[in-house]
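The following pair of complexes shares a single chain, chain A, combined with chain B in the former and chain C in the latter.
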Partner chain A sequence: MLDIFPPDRTQYPAKKADGTLDIDLTSGKYLKLWQGPNHPGITGNMSVELTVCGDEVVEGKTHVGYLHRGFEKLMERRTFIQVFPIVCRVCVPEPDFNEYCYAACVEELAGIEVPEMAKWIRAMILEMGRINSYMMYLGGQAGALGQGVIGQWTTYVRDLMLDRFEELTGARIYHMFILPGGVRDTLPDGFAGRMEETLCEVEKTLKDVYDVMFCNAVFKKRTVGMGVIDPSWLEPYGVTGPNARAAGVAKDVRKDSPYLIYDQLDFEPVTGQNSDIYTRADVRRRDVWVSVDLIRQILAKMPKSGAVMAPLPNVLHWQIPRGETYVRGECSRGEYGYYLVTDGSGYPRRINVRGPSYTHAMALLERMIVGCNISDVAALMVSLHTYPPEIER
Partner chain B sequence: MRELYARLKALYPLGELTEQRKNLAFVTVPAAHLRDTLLHLRDKEGFTHLVLLTAVDWLEEGQFQLTYLLNNRALACDLGLRVLIQRDTATMESIHDLWPTAATYQRELREMFGIDFPGSPRIEEEFILEGWNSIPPYRRDFDTLKYAQEAYAERPGRVTHDPETHMRLQMYPGQHPAGK
Partner chain C sequence: MSFKDVLSPFTAWKHLFHDPVSIRNPIGRAAAPRYRGFHQNDIEKCIGCGTCETICQNGAIDMVPVEGIQTKQGDSGLRPRIDYGRCCWCALCVDVCMTKSLNMSNIYTWVESDGDAFRFIPGVDKKPWDDAAHGYRRPDDHQLTGPTRLREHMPEMEPEERIGSFAEIVHGYNVEAAKLEADRCVSCGLCVATCPTHMAIPQYIKAIRDGDYDLGVALLYETNPFSSICGRVCTRKCESTCAARHEGDAIAIRWLKRHIMDQVSDEQIKKVVGQPAAPTGRKVAIVGAGPAGLTAAFDLAKKGHQVVVYEALDKPGGMTRFGIPEYRLPYDVIDRDVDVIRSVGVDIRCNVRIGQDITLERLKSDFDAVLIALGLQDGRGTRIPGSDQPMVRKAVDLLRRVTAGEDIGTPRQAVVIGGGNVAMDIARTLARLQKKQYGEVKVILTALEDLPHFLADADEIKESGEEGIIILDSRGPQQVVIENGQVTGLKTWKVKAIFDEQGRFAPTYDETDEQFHPGTMVVEAIGQMADTSLLGDALTEQLAWQRGRLQVDAGGRTSEAWLWSAGDMVRGPDVVSAVADGHRVAASIHAAITQGVQQ
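Up next, the complex of A and B:
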């Protein structure tokens, strides 16, 4: 019998002089396996090229590019106001952070002061988007481990939240509501009451999700102790958001460098200790409770009236002086930021989108996937909560 | 931020400090001193988080600007290091050994801007584009419209309106299309 599973796994496969693995595919010991781009356990349109030995992954390479539309280049060809409707397309499940970060960059470089009321509405929209994003995640995480029903429940409450988005902005997915200068409109009559009904439904569903998903023996068995991010990896790999908070580091841009009105809200970043798949899922589940509470605080504390848009110059001939800035926010996956460079003309010189998935799905995933069992790859990938469009823009 | 700048300035030949906000500043660093400055900032000043690494194409000046944005979480402040390199040679030292995640940024910059980072892991591998045969697409002199017209066939039956003329006719029907 061939000795293809030596007991000391650290010696297998050997490394070449340049540090890469010495994998001979003709030896019969290894197999190339593609997870994605069409796979139920993949997060969006990306793929991982796995090299497996038996059922153990010895190497994984992330491949992206299936969604590339060249957003950053497209933006350079458009005036500042023309850029605003396309930024949201960079991230489908949580588009509002693109709108906020872009608007904040433009406002800062153009010297525009946003009205107080608009800041509160912006914060509320960002929290609503966060709940939606987490709901998609919870469904995906459970689905990756065979629990299809959780996805149906979370899709239901996400749909209720999309109803609130629709009545507020007129759109369900791409809202295009936060534009440079403020927001497009005030809250509709009776919005707070209907939002409260939706939040109650979110809470009810979260309790069910906890009972059925987080107390499930199979879910625990397959996620506790699995896919651990070592706290020492956080800085080298640029890990932010719930992935970092599950490792015990309370990294949260909302607290670390508060933007909009987050310094006037009462909340604490949710953290975990074990840094495994279960802890990351639990951190996100508890983060939904925080978002629910934040929306309630915002609706209670926000001004009842006031302007929502600052006066803008003629946007068809809008030129912004030469400068550069970076604005960040805490999205559901971690730090989301826009780097904007202007050159004094009517067009941006350069816009760079810093999505948290860029680091999580590439360098971090490739590091974590080594030694993982094939059947756990989907759960591991989903647990990092990555959205490919923000990697390739 | 000014105190930090003074400390750095004593060690390295830095350019002027541009204070964008009270917690965000940019400074120009000579390419030869980038690694030392990054190491100092990371190990001595607490700027442990590499937020992003990207490039800006200053075509008119014949230069690429590389921006290394670092964050100090304890002080809640960011420092952007600008490195200007010649556009025609476009080579820069790799920093993947300081932050492993930088290898991804460098792979993208090589593909999109044609900036080489010798020694960076898998720098030769395609990142997003597949079988690309033109100049790097994020360079300013790459014309997306011209490329699309040459690379793809026109579908018969499609009509394209000039947006300005079309909107003028929509808003002011009866007026001459050229607006005269």
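Up next, the complex of A and C:
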């Protein structure tokens, strides 16, 4: 918190006996204000009910549910293969983790061994998705502080990556490419070359973004020291991913419990120290470089040929023995996981999606937002990198 | 914070001198070759199996009738209609398409002001992307309808082993193999439409997958009390229309049916079949204990009618027992099916020949309805010179004698005329008898048709060859050669054409290509006909006939109100068709004899 304009604590509401704030809206001291659900400064549809005193937030309540589609319940009414096309819709900007986690759950419970080639392609797709997700974040983070041009640049490289997704998976946003048993197809001819061109473009843009966004007096003024997540909050709030790594904790599922082929790749989790908005943005920016490097490693190390699909039973009446499992991966926002329970029938008994946005956007934000200047709320929300579609599954 | 942080943001201005990166005309942009765009369907290739509709998790696909496409065997006549208000372009429909007719184009955009246009039948409703060369096609190794396209191997006896006896050749699936085979089924139901008696095939195959054999038996008995028999010798028209055959082998429907029956004990089958309804006091007489007669008897007895079946021979089963050799259909299997039919109260009286032991008039007066299901017991003759010799025999006659345990005077060398299943049956029966008696097989089979057009099953032809029978196709019999009053062989000419230009049976021969096939017995297996002498002259005169067969209505009723007829004698030779006919005629008889009766 900048100390130029120290808040006048005498204006603060008193606490009642039960610990809640004693806010008397008729007093004229406080104002209820809704940030969202359609505020351009937030990534998606959620809202924060702010109580402000002057321009300072004294209380914030998160409201979700605007995007609730009941995916977990929808999945219980679908056969195992029919679930595959809808899981990606749980998270719009980074759908591939849903596809991977669901497929891995099913494979584990059905005892399917995924071909080696499919594992490498899966890992590459996840890294491509991570770059896209970060690009969207960088644009949003800059945009929340008035820097529209960053969003234009990152959207451009994100679009190039979508072109790669299109030629590889056959779709731009919802790829529906990773399915139980493997992936749909092999790499198209000349894919590695075009991917390299795209990666070069990503690097070029990252350098521009660094110069204009990170080496920027205004950006630094508004983000350094802002929105600090205290390291002691990480465990109780279940903070993972860059939000935790920016606090100096090298938590990364790719490294901690490697899945797919991550144990054959050479990389180190990116960490920061200050745990403020600037550090979190910087951790993500540097994480893009890691992903670029990982894609290069994958393309160099992956097998040149091989099956991409394991033989599946007839999916029209596929029954999976009774069991339960939890599969997780490191998505751009943190730990992403699927919990699947099967009961021997042709339908999943229960699917639970563990998305990092759920913890970051709801409980953590409520705590962080108190004392924040109203003009910084948008930047603070974006800095947690939450995707409301993924909160509401 | 430094001075650099103030200046650095201005580097953004260098982009002023860069070309714009946006695409000028995104509408005309070509998508990637494997892009999952709008659907294309080759409606000529499509068989309307509806697997796309089944897999669609959005309910975006409906199977609808299409003008100009007729329902026929192996084609439901329906085509998928896709609703783009629901579609999510996951392409699972393309992945499970059994004929690879359904694909996706790589067209990117479609602008339309009419909302209804977004629900359309690909391939029928013309669209701009119909001819797009690229788009999502199912990759070759991307297979979601089972790990294999091939039929599960059926264990059976080796040729050397089986030629030495009349033991059943096919061993039947075990539970594991049956489950794997059942797993390949996509439950489209094209087979149900094709089966003459419309057996609930996808449902009983599901029962195998679920291991619920009691349900399987119940489903079988809904439509077919001859399931053990049909599970072995059915002509399986269902398999010829199976959706799976478009990219591999048809599902082994016949063997799966047999598997269900093999898995359940006689007592359990009887329990599943259940007891008949309360007696109605109506009586029905059935002449002939073959598939048609006994099916009708089963249905009528289940409804509570008193049913008496008269059989001229000493055992029930009709042609299934006396026409089909034991190595294809063991006699105890027939006994098993007949025993279940008896268990619902059907009274089968063997060794009673109607017309001799009891008159038809007597049945007419004693019963409320009479059904004759005599089958086709008499073989047709070739009427070629020399065919009146005693050593020129009819196949059905010989097969009946073999079943009865009589000595048929097995020849050292035999010639069989005919290319159908009966010809194969007698040739293979003779081969076994020869092997037993003389230690070697000397049977020549000649047929008018060329090998690809043989009427016999491909399996029969293959197995006959393996057993040492010489099969000569496109040979027309001309003369039975007789020397010193003894048959010595058959003279044949090469067939040029079997049918004339109008499609009528009128074989033409190449007389220069003559062959002599040595044999001391010539067997004619060119077709069968019914012996209707039991009707008597007066009744034969009264009844209406159509091209040598009794004329019957859709329910099998003849022109005489008290008399019905069913089975091979009105429908032609086939067990499952006879079963279907038995059901039809039973329904007709039931309706007639309960008319005006309070149910």
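We take it that the second predicted complex is superposed on the first by the 383 of 393 C-alpha atoms of A that agree within 3 Å, B and C clash if a C-alpha of one lies under 4 Å from a C-alpha of the other, contacts with A are read in each partner's own complex, and residues count from 1 in each chain.
Here is the rule we use: a residue touches a chain if its C-beta (ideal position, glycine included) is under 8 Å from a C-beta of that chain, and two chains touch if they have at least 3 such contacts.
Quick caveat: nothing in here was measured; it's all calculated off a predicted structure.
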Simultaneous placement of chain C and chain B on chain A, clash or fit: clash
First, second, both or neither for A:A217, with chain B first and chain C second: second
Touched partner set for A:D55, first chain B, second chain C, both or neither: neither
First, second, both or neither for A:I81, with chain B first and chain C second: second
Touching partner for A:Y326 - first (chain B), second (chain C), both, neither: first
Which of chain B and chain C A:E116 touches, first, second, both or neither: neither
First, second, both or neither for A:D230, with chain B first and chain C second: neither
Against chain C, colliding segment of chain B, chosen among 26-34, 62-70 or 170-178: 170-178
Chain B and chain C footprints on chain A, overlapping residues: none
Contact set on chain C toward chain A in their complex: 1, 4-6, 8-9, 11-12, 15, 21, 31-36, 51, 54-55, 57, 88-92, 96, 136, 139, 141-148, 183-187, 206, 209
Chain A contact footprint on chain B (complex, rising order): 18, 20-21, 23-24, 26, 48-52, 54-57, 65, 67, 69, 73, 76, 78, 80, 99-101, 103-104, 122, 126-130, 137-138, 140, 142, 144
For the chain A and chain C complex, residues of the former touching the latter: 78-79, 81-86, 89, 149, 153, 156, 163, 166-167, 170-171, 174, 176, 184-186, 188, 208, 211-213, 215-218, 220-221, 307-309, 311-317
Contacting residues of chain A [partner chain B, same complex]: 61, 64-65, 68, 70, 72-74, 76-77, 108, 235-238, 240, 251, 256-257, 323-326, 328, 335, 337, 339, 341, 349-350, 352, 354, 358-359, 362-364, 367, 392
